[in-house]
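Common to both upcoming complexes is chain A, partnered first by chain B, then by chain C.
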Partner chain A sequence: MSLRHLRAIIRKEINHIIRDRMTFILVMLTPITMLFIMAYALTVDIEHIPIAVLDFDRSSTSRAFVQRITEGKDLNLQTYMDTLDEVNDLLMRGEIKAALVINPAFEHDLLSLRGMPLQIIIDGTEPATGGFALDQIGGRADAFVGELLAAQIGEQGRALSLQPIDLRVRTLYNPSLKPRVDMIPGLISMMLGFPALSVALTLAHEREHGTLEQVMATPVGRAELLLGKIIPYIIVGLINVIVIPVIAMVTFHIPFNGSFPLFFLLSAVFLFAILSMGMIIGVFIRTQPAALALSFLVIFFPGFFLTGIFFPIASMPEIMRIEALVLPGTHYAIITRGVFLPGVGLDVLWPYGVMMLGLGIGFTAVGVLFFRKKLG
Partner chain B sequence: MKETPPIIETHALTRDFKKTRAVDSLDLSIQPGELFGLVGPDGAGKTTTLRLLAGLLDITSGSAQVAGYDLARQAEAIKRKIGYMAQQFSLYGELSVLENLSFFSELYDVEVTELQERTERLLSFAGLTEFKDRRAAHLSGGMQKKLALACTLIHQPKILLLDEPTTGVDPVSRRGFWDILTDLHLGGTTIVVSTPYMDEADRCSKVGLMYAGHLVVCAEPAQIRAQIEGDLIELRSDDWQAAHTLIETLPGVLEVQTYGDSLHVLVDSSARRLPEIAAALEEQGVTYRGIRHAPARMEEAFISLIRRMEDGRNQVFKKKPGFEED
Partner chain C sequence: MFKRIWSLVIKEFVHLINDWWMPAFMLFGGIMELLLVGWATSRPITNLPLMVLDQDQSAASRAVVTALENTGTFTLEAQAPDMETIQDALDRGQINAAVIIPPDFDNEIASSTGRPTLAILLNGAESIPATAALRAIEGVTRDMGKRITLRRLGLRPENFADFNPSLRVWFNEALSEALYTIPAELGLMLEFTVLLFAALSFSRERELGTLEQLLVMPFSSLEIIIGKSIPVVLVGLFDFVLMLGMVHLAFGVPVRGSLALLLILAFGYLLVELGKGMVISVISRTQHQAFLLVMMIGMADFMFTGYAAPVESMPQIIQYVANLVPAYHWLTIMRGILLKGAGMEILWPNVLALAVLGLVIGTFSLRYVRRALD
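Entry: the complex of A and B
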């Protein structure tokens, strides 16, 4: 390994990144743009869900119940309906996401303590919205019944002092359960996927433009060439590692409770691993369009769906869990969430760092092994 | 001269791509200090040959020695001894002239103490001194070629392999480029250059004609010109198609080649056939002018050689048994 060769390749590549506008945009601006898009997309707390009510009872109790259900700003009472067909029609057209069907015996059953005959219809095409509506309605119905019960018992001259269960939930690290507080740290691994994409593209670009042919005709070593390709993108990736948390904290009020130097160090390891993946693509693929397509297939899609950012890894089939383990993003998602929210330290995170380092070394070895200074 | 061992030597060198055999049992022997021109039609295997010699392609079969190293086993050692220039512009467009030069000087491990002097000399040699801070992408085609040459010369290689270095370059720059090559040749560098231009082949000390992956002829330019059969008669005609058709049928005519509106006719004896051709054209009412005996050039020699080769191939093709059955 000649340091002089390595330095020459690195310097050349940094000049390329700075001077080639497309590369500069891809590695410096795209990750930040993605941060903004993600942050705003995830801001949308679930509010104003349109629901309809089909009240067959039309009693004062049922009216009080409906009022109780819709008093928050999360569920909007869109309309009262008369028939089930009308409800179906509105659901089909997507004008409502859920409907309450109140049985004719609602008031009678409730006051005679025989239960609460209530049907809730939700739109299963949007499970998140429907499920949310279901939870809210269920919770409020419980409270409504409880109050009614207490009032009845009070009328009989006895105070209700015993709650069946006294459940007090305490949510740690993200008390308001805001999705973006946990998603944005998780998604940093995706934002850092763009430098990896650039590594794949730059090798294909050099093949297409013949510059790789000229470099292959020199005595430069394979490892020098490939490491010289990765290191500059680690450097620009680390600039993103500084910029992204700052924007996340200042603009989107994401808490950063851990140690920044630790985050920086582990991010460098992650960049090394994910960029080595990009390099392998560049070693095998000859054209930029193909390198782009494969990068999405290998880096971005699994990065989104298999690394536990959106879907818990524990609920995946075993083969997927194994695949998730060889994705650097899986380990990095744990690290970013750990550093941002609970602020855990190296004592907890070191195994993930070691895994990423091992993956990076493995990927680089595969790349160097299969890269040949030959054309065709 | 004969006693010195060749600096480049190949034995039955063969390279296959998926469906084609690009280089077919090539036997090549190039002496040190030669300015060797590799010519031939497109697809003859010139680029593949140069890439093989530069160690950029794997050999399918056969063997080759370059600068005393075995090509199959010691390709990396060869790379220190040669300068290779690809056909397409293959420098870094975003880097300046000087940055490109220093990039390659570092990859070739040029001594830092020599770098300054060598860079300045190459820049003035290539006429690029005043453009040294310009980005390579913003140079003219001719200057890009000169910069590429300068980059391949930075480590003072014993052997230069140049793949069509003047294709797409204007005639003046082309001449300037060849003046540089001649200087290098006189300085003792062995140069192998492929070219589609026959006037350039004339400036080489030795010329190899490739056809369908084979080396068909390998000789000095004068010897190749001498291979042409018969004499050459040149004439112009406004109705050159009619003239071409007519002359082809005349006795003693070996071959007719067209260059724009002028016809080059190869005949067994120009003294005898020139008046005959003139008479025949007049008889048929085909107007012509400037009929004269002309010295044969490299160009006629090659077209004639290649045409004979193609005729031969077509005949072999037609004779193949079973070809006419369906």
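Entry: the complex of A and C
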């Protein structure tokens, strides 16, 4: 391998990228645009969940109960309803996510300590909001019953509730559990994956146009050619590695507690691994549409769903947990979250860095080998 | 005119068959992957690594640990010897949560006025598992707390079973996770397939230099557009029916409403996405550009499908933006028909919004593409 050859290929590739101004702008800006879209879309506080009440009892106790349930900001009493049909209709339209049905004997049964004739209805199509509403209603209903019990049994004078256990919850690194604080670092792997798609496409592009043979006729070696193709996109990626955390910190107040040089280094390793994946696709596939479809299926879709950003890997079936290890994004998501939030160092993150490096070397080797066979 | 359009459609299908990798990947690869992702992610959150520091070592503290294990949400790591171990494991991201049971836990429970404490540490660096962990822990302590109180009052817990509100879950009685993750994943796959096909329609011909040939032939620009559109919509509909059938068989996703209505609305939705794809296709000078634009737009749309976070909880201004995203309305329609069995009388606001969006995007797209072609 000669540095001179490598440099020539890199210069050619950079010329390609820059001359095609629109593509250049897109390659540079897609990751940053993604960051903005996600940051705004993930600014979520689960509150103002609309609920309806169907009060058949209409007693002072039931009114106090409803008051108690909806006193916070999270559940909004949308409306009082008169019939179950109306409640069903609202659920159907998605205008409410949960409903309380208070049976006629509510006050009577509660005051005589027989029980609490209450039905909670939740919309099972949206568990994020439905499950949350269920938890909140359940907890407040228990507290309400506890106070009633205390009053009835004459234990006044001491705060008695059905929740004597004092649960002291402390959430580290992201105290309010805001999704965007951990999602944005996690999704950086998706943003940096864009250059990989570009590598797959440029290689396929050369084959489609037959320009690869021209380059192959020069004394440039195959490994040099492939590396030369990847390095410009690593550079583009590294610029994004600097820009994305800065925007995340300054504009969206995502904490960055770790070491930036370490983040930079490990991001470079990730770029190497993911771009090698793109390279393999480009080596195997000869037309751009096919390369594009395959990079969507191999890099994009699994990178989104199977790398533990949304769904924890621990809860996946065994085979998928192994499969996740082959995706560089899995390791990189652990690294980005670790560096951004707890601010851990290389002593913790080195296994993931090594895994990504191994994957990158493996992918590159496969790419170069097959490249040789196909053109040799 | 129809004959000429027909010949254009035939030409497109010949292209698809000659370069069969792309349709094969997109259709069959896409369906395989949808099944794989659905299988891996449409399940409750379980096996979260949890650490316990039991400073009490009593029957009561062991009951807490057993109850936590029985939720199925957690996998218990070895007992932690001290706080440093827990802190370290949290830093390393090895555990999602830790429970610390203080030394006097048992005594506090036994005493009639005691207030037993449990300290919980959550790893906020992964908010979704942390939220699931918190919910499970709250559920366990609520049950325990209830029993403690009743015992203190000298009452038997069995008599108070009636104090638990009865629960009804609508549209998803078994609380199957598949029913809400699969539609979003299917929607994303469908959107990308159609957008990619549509976005390549002109950008590819232009890059290969065949667009000029097409333009000098005796076709009007409208005929060319229609000829390009028909295969995209046909492929999209075929893809949708195939995916729907597969998820129905594999994950039991029901079709409770009218299948005919769903297919008609799917057709409408595909036309809207087709309009978007056509604009991308004309804006882009190369397939590379078209691909990047599709990825960006598709991923942005995905944020509004309710997969990552509920749209209703987003800031008001973002919710207005969501209304401009066809995929948002389509997902509402699809969930409505599949899960709720809703009909037009319920879905009309979304259908109307989709129609208006389609009209605007379609008109713009048609004018823009025609101008670009002429």
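Just so it is clear, the second predicted complex is superposed on the first by the 348 of 376 C-alpha atoms of A that agree within 3 Å, B and C clash if a C-alpha of one lies under 4 Å from a C-alpha of the other, contacts with A are read in each partner's own complex, and residues count from 1 in each chain.
The rule is simple: a contact is a pair of C-beta atoms (placed from the backbone, for glycine too) under 8 Å apart; a residue touches a chain by one contact, two chains touch by 3 or more.
Values in this document were obtained by computation on a predicted structure and should not be read as measured data.
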Clash or fit: how do chain B and chain C relate after the overlay on chain A? fit
Pick one for A:217: touches chain B only (first), chain C only (second), both, or neither. first
Which chain makes contact with more of the residues of chain A, chain B or else chain C? C
Once chain A of both complexes is superposed, is A:121 in touch with chain B (first), chain C (second), both, or neither? second
Thinking of the overlay built on chain A, is A:357 touched by chain B (first), by chain C (second), by both, or by neither? neither
So in the superposed three-chain picture, is A:66 touching just chain B, just chain C, both, or none of them (first/second/both/neither)? neither
First, second, both or neither for A:297, with chain B first and chain C second: second
Touched partner set for A:8, first chain B, second chain C, both or neither: first
If we overlay the two complexes on their shared chain A, which of chain B and chain C does A:20 touch? Say first, second, both or neither. both
Look at the superposition and give the distance in whole angstrom between the closest pair of CA atoms, one from chain B and one from chain C. 11
Note: overlapping chain A surface for chain B and chain C spans 20
Interface with chain B, chain A side, in the complex: residues 2, 4-5, 7-8, 11-12, 15-16, 19-20, 209-211, 213-220, 373-376
In the complex with chain C, residue positions of chain A that touch it: 20, 22-23, 26-27, 30, 33-34, 37-38, 40-50, 88, 91-94, 97, 109, 114-131, 134-135, 137-139, 141-142, 145-146, 149, 153, 155, 158, 160-175, 177-179, 181-183, 190, 194, 197-198, 201-202, 205, 208, 285, 287-290, 292-294, 296-297, 300-302, 305-306, 308, 310-312, 314-317, 320, 334, 337-338, 340-342, 344, 348
Interface with chain A, chain B side, in the complex: residues 17, 51, 54-58, 75-76, 79-80, 82, 84-86, 88-92, 94-95, 99, 102-104, 106-109, 135, 148, 151
In their complex, what parts of chain C are in touch with chain A? 19, 21-22, 25-26, 29-30, 33, 36-37, 39-41, 43-49, 75, 90-93, 96, 113-131, 134-135, 137-139, 141-142, 144-146, 148-149, 152-153, 160-173, 175, 177, 179-180, 185, 188-189, 192, 196, 200, 204, 207-208, 284-289, 291-293, 295-296, 299-300, 303-304, 306-310, 312-315, 318, 332, 335-336, 339-340, 342, 346
